[in-house]
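There are two complexes below, and they share chain A, which is joined by chain B in the first and by chain C in the second.
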Partner chain A sequence: MGKKNKIYLLIFAAIIFALPAFLRNNYHLMVLNVAALNILVVVGLNLLMGYAGQISLGHAAFFGLGAYISAVLTTTYGFPIWPTILLAMVITGMVAFAIGIPTLKLEGHYLVMATLGFNVIVYIVMIQLEPVTGGPSGFSGIPRLQAAGFVFDSDRKIYFLLWAVSIGSLLLSLNLIHSRVGRAMAALSQNEIAARCAGIDTERYKVKIFVLSAVLASLAGSLYAHYLTFISPGTFSFFYSLQVVTMVLVGGMGSLWGSLFGALLLTLLPEALHAVKEYNVLLYGLILMVALVFFPHGLFPGIAAVLGRGKISGSPDSEKPLALNKGT
Partner chain B sequence: MNQKILEAKNITLRFGGLEALNGLSFSIDPHRIVSIIGPNGAGKTTLLNAITGVYCPDSGEFLYRERQISRLKPHQIAALGIHRTFQQSQLFSRMTVLENVMVGMHPVTHSGFWKGVLHLPGERKEEKETRQNAKNLLDFFGLLPKAGRMADQISIADQRRLEIARAMAGNPELMLLDEPVAGLNIRETEAMGDLILRLKEKGQTIILVEHNMHLVMGISDRLIVLHHGSKIGEGRPEEIQKDPQVVEAYLGR
Partner chain C sequence: MTFGLQLFQFLLSGLTTGSTYALIAIGFSLIHNATGIVNFAQGEFVMLGGMFMITYYSSLKLPMVLAFFLTLFSVSLIGLLLERGPIRQARSKEILILVMITVGASISIKGLSMVLWGKNAMTLSSFSGDAPLLLWGAAIMPQSIWIFAITLMVVVGLHYFFQGTMTGKAMRAVAASRRTAVLTGIPVDRMILLSFTLSGALGAAAGIILTPITTTSYDVGVMLGLKGFSAAILGGYGSMPGAVLGGLLLGVLESLAAGLVSSEYKDALAFLILLAVLFFKPTGILGRGRLRRV
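Now for the complex of A and B:
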């Protein structure tokens, strides 16, 4: 995936893991923990949007499936936590497969419709299936994560776990997009006919990437459930699906670093805007609008272009292109 | 050895009421340049789309090395060794020249999903070889100095060559070229003619769809003439030039 990416990732990880030493306030850590989970969902969704050219408006449902499967099986039925998280990922993956097979064979954006409908159905089931899910009042008493006797029972303790998973998934995703399969995916999102005539089974790759992104959302959901020990349907409504799509767009479609940026920004921004009280929603919307008007391809590639332009015009070596968007 | 590479048997393809291809039969010998010519709307590009599985014929069949391929999908046909270029350049414009060729090597490389995700040693080795082979190919096509440029930031002539390079990267047995000199000037057209001949010398079998008669007559071993989806002539260039039916189709009576 290139030395540069590795170095950036190392620097980022170093900053993230050093941060708790400077943050005394547990609330700040909690916000960052939520950001880590959002990154997990957004990175997966960006693989789908940026590399398979498809949009899902149902990622909240996959996030929710992970959370509820984990919660119900471990709490009600006493399943062991870690294997249950894996089981939730498998089940969610199978559900995504069942949705993806018929819709991704069709040309056009049928996946959006299917996932949108699926999200609504899952949300209704969470509310109505009260004996199992606890209904609108939520599901509580979910056991905390533990490993070898160590219980992740504080924001500070679980911070390292969540960020390790999050950064790890970013690393693996970067590996993927810089591989043969990643190139094939980028090709199919740019020119599907040409990709097919170059021997790429575009349908299969689209389904695979959709399943992968659903599985990552499921993992994030399970971790969320065992972290907060309480979940309720509201978290997994259609609005969260929209929110993660917005994070992908603001960060930059097809740019995994952008996803990191977008998820962090949109998770932290509302917190930062608490200071302006009733104006915070207004300001939040304004910032989003400005970002998308001036950086339609996303903040991250946009800012990188602005920074890069200065460099390139100054050097005679204009052979080097603005190597943006190509999976950085 | 001299087995036919491709045989078309009675191919018919309709778009609604319009018969785009009408009972078309022909065969292609290996290591030849066979050109398909005909007036606009004769069905030339439709034929290429039918061979490569983009369209599915309503009746008739294509045999590739005696194997029936007319019900296969484009990626399966490409994997068997039939590659093509397009009339309008269909490059991956947000990738570099080198990456375009690397995508073209998809059918001859193997690293799958998990190998890519985990970046295993086998995957790293194959990736290195892929990169090197792609560079060698770019060198053959004279595009190596532009390997790092974005595909949409090179000249039209270079884009046309890059499309051929990308198609060659999958190591095809049969190459279909759809108007490779459209939009090129005389000098670039000559260079393209030389390039196609060099590919033939390397043993490549080529089906060429082209309007530039100078080029077609100069490099083709055989011609197939289409008119309204039917074959109205077939033979060596000098035979076709004298064929009264062909002259009529082009010039009118």
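Now for the complex of A and C:
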């Protein structure tokens, strides 16, 4: 199964890296670049939701921490770019650790609320700490990424870098799922009490996955900042947290490929439906609600099952460890 | 103005907003006790309360009392529909799924309100003028007195409802143990429906009395909901006296922080308190230890 997934991943990578040859329009490349960054966030979130049974509504804050730490340190203080991205990941990981330790011991919705509260705090600080962050009008002049004299200064050039990182995260996630840790997480998502009885330190795993997902979001944020060279608080509001959660839910929690297509679909769809910008918020709310009410195992697997062709990727119930079964 | 008087002034304004937080927190507790879920759309009920009141009272020029009750009715109906629709129809009854459904409902209500009422902030005139009254040297707005009075009436009314009526006792029984409640013949489904309807009414009441002071717009719901939630956690989640205490305390702390430290970070305080309570005493001030620890 792991092998099959890796072949799919190879095919996916081949298509992705061949695409720029056919796309002349830079705007299309930019949209795909944003999709790559969203996938990076969503892959981590999918692990958290599908395997640790926890939902975070604060990933925009981790995404934002990565972006702002990178932006401020490299632009204002002249730090070198790549080590700063790593530093941002470490700092964000420590913050997530501090939030996760107390809240992951409690019922699931406490993490939802704690992360959401954290998101609001980070957002307020971004706006109010004007001398450092540039306030509501944003932070500009962020240096572009470069490696060995090669500057990633166009949508086309950075496309390959962003997608390489993004596909790398998919590979990492696949390896993780099919490792000892992955099997422990699968057990944890099936039945936490049983997993504990089998000697799995479920709390530690939950915290680890949460930190990993925050670190991936931070990396995406840093890359975003150095790619667009301009960031403003609006990008990192609670709505983005909600968008990435919706992407995971649409694709199906615990389903890596589902998340991938959820992220692609929900990044490309609003671009295609430019006319309905006014209804964007309503649209997300309705998608989220409909997906959860009728297809709690994911919109794609659910629709496939309804169409009677649910066997495309194995039955959704047996293949995926479904988390969130700890209702009290 | 002496420092003591200044503190008194902060206390008054803190208790004013704190009263509305208390109403929102009670709404959270009602639904939590009946179902075990956090109703994320609670803040949207507050926003809708303000919006409907503006529509009925300012736009349609209905008499104030009629507009007031019509607003309560409208938002209660939305609470009812939320339960009858998405929550009741949900294929999965896992707590976290249900919570996320209310998140979806909250965003949908927000998006629809943006389409219906536009993006601009809307105002509602005070119930009885804006001339401040003096209370031991501190200024108090007539609207604050309305807020205290209506909050007090609601709390007393709810207390009577839960202690003195059969329906209220049945709701408490559901909160204590759903299974036992079913066995004793209590229509649990109807109690859940009632909790959503009541929460809608409570949110609406909070929105109506708060809007003349703060104005409203389609996007205030999330913030108000989160503050109500923080208040509920602070007081002890699921406890009625806890919700009132948490609401008032949060209001006063916010007002003091805004007055003495910095008004820019006022909104962040509620969440710092939320995180701090979750870290150190997740059961809150009046809560009993009933939190899951495997």
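As a working rule, the second predicted complex is superposed on the first by the 273 of 328 C-alpha atoms of A that agree within 3 Å, B and C clash if a C-alpha of one lies under 4 Å from a C-alpha of the other, contacts with A are read in each partner's own complex, and residues count from 1 in each chain.
In this section, a residue touches a chain if its C-beta (ideal position, glycine included) is under 8 Å from a C-beta of that chain, and two chains touch if they have at least 3 such contacts.
This structure is a prediction, so every number in the text was calculated from the model and none was measured.
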item	value
Contacts of A:53 with chain B and chain C, given as first, second, both or neither	second
Touching partner for A:196 - first (chain B), second (chain C), both, neither	both
Partner chain in contact with A:27 - chain B first, chain C second, else both or neither	neither
First, second, both or neither for A:124, with chain B first and chain C second	second
Which superposed partner A:182 touches (first chain B, second chain C, both, neither)	first
Contacts of A:150 with chain B and chain C, given as first, second, both or neither	neither
Which superposed partner A:288 touches (first chain B, second chain C, both, neither)	second
Which partner reaches more residues of chain A (counting touched residues only), chain B or chain C	C
Shared chain A contacts, counted only where both chain B and chain C touch the same residue	193, 196, 202, 325-326
Touching residues on chain A, where the partner in the complex is chain B	1, 172-173, 175-176, 178-184, 186-187, 190-191, 193-202, 208, 319-323, 325-326
Complex contacts: residues of chain A adjacent to chain C	53-55, 57, 99, 102-103, 105-110, 112-114, 116-118, 120-121, 124-125, 128, 192-193, 196, 202, 238, 242, 245, 249, 278-297, 324-328
Residue numbers on chain C that touch chain A, as the complex places them	36-38, 86, 89-97, 99-101, 103-112, 114-115, 222-223, 226, 229-230, 233, 264-265, 267-268, 270-272, 274-275, 278-279, 282, 291-294
Residues of chain B defined as touching chain A within the complex	52, 54, 73-75, 78-79, 83-84, 86, 90-96, 99, 102-104, 106-107, 109-113, 115-119, 123, 126-127, 130, 145, 148-150, 153, 166-167, 170
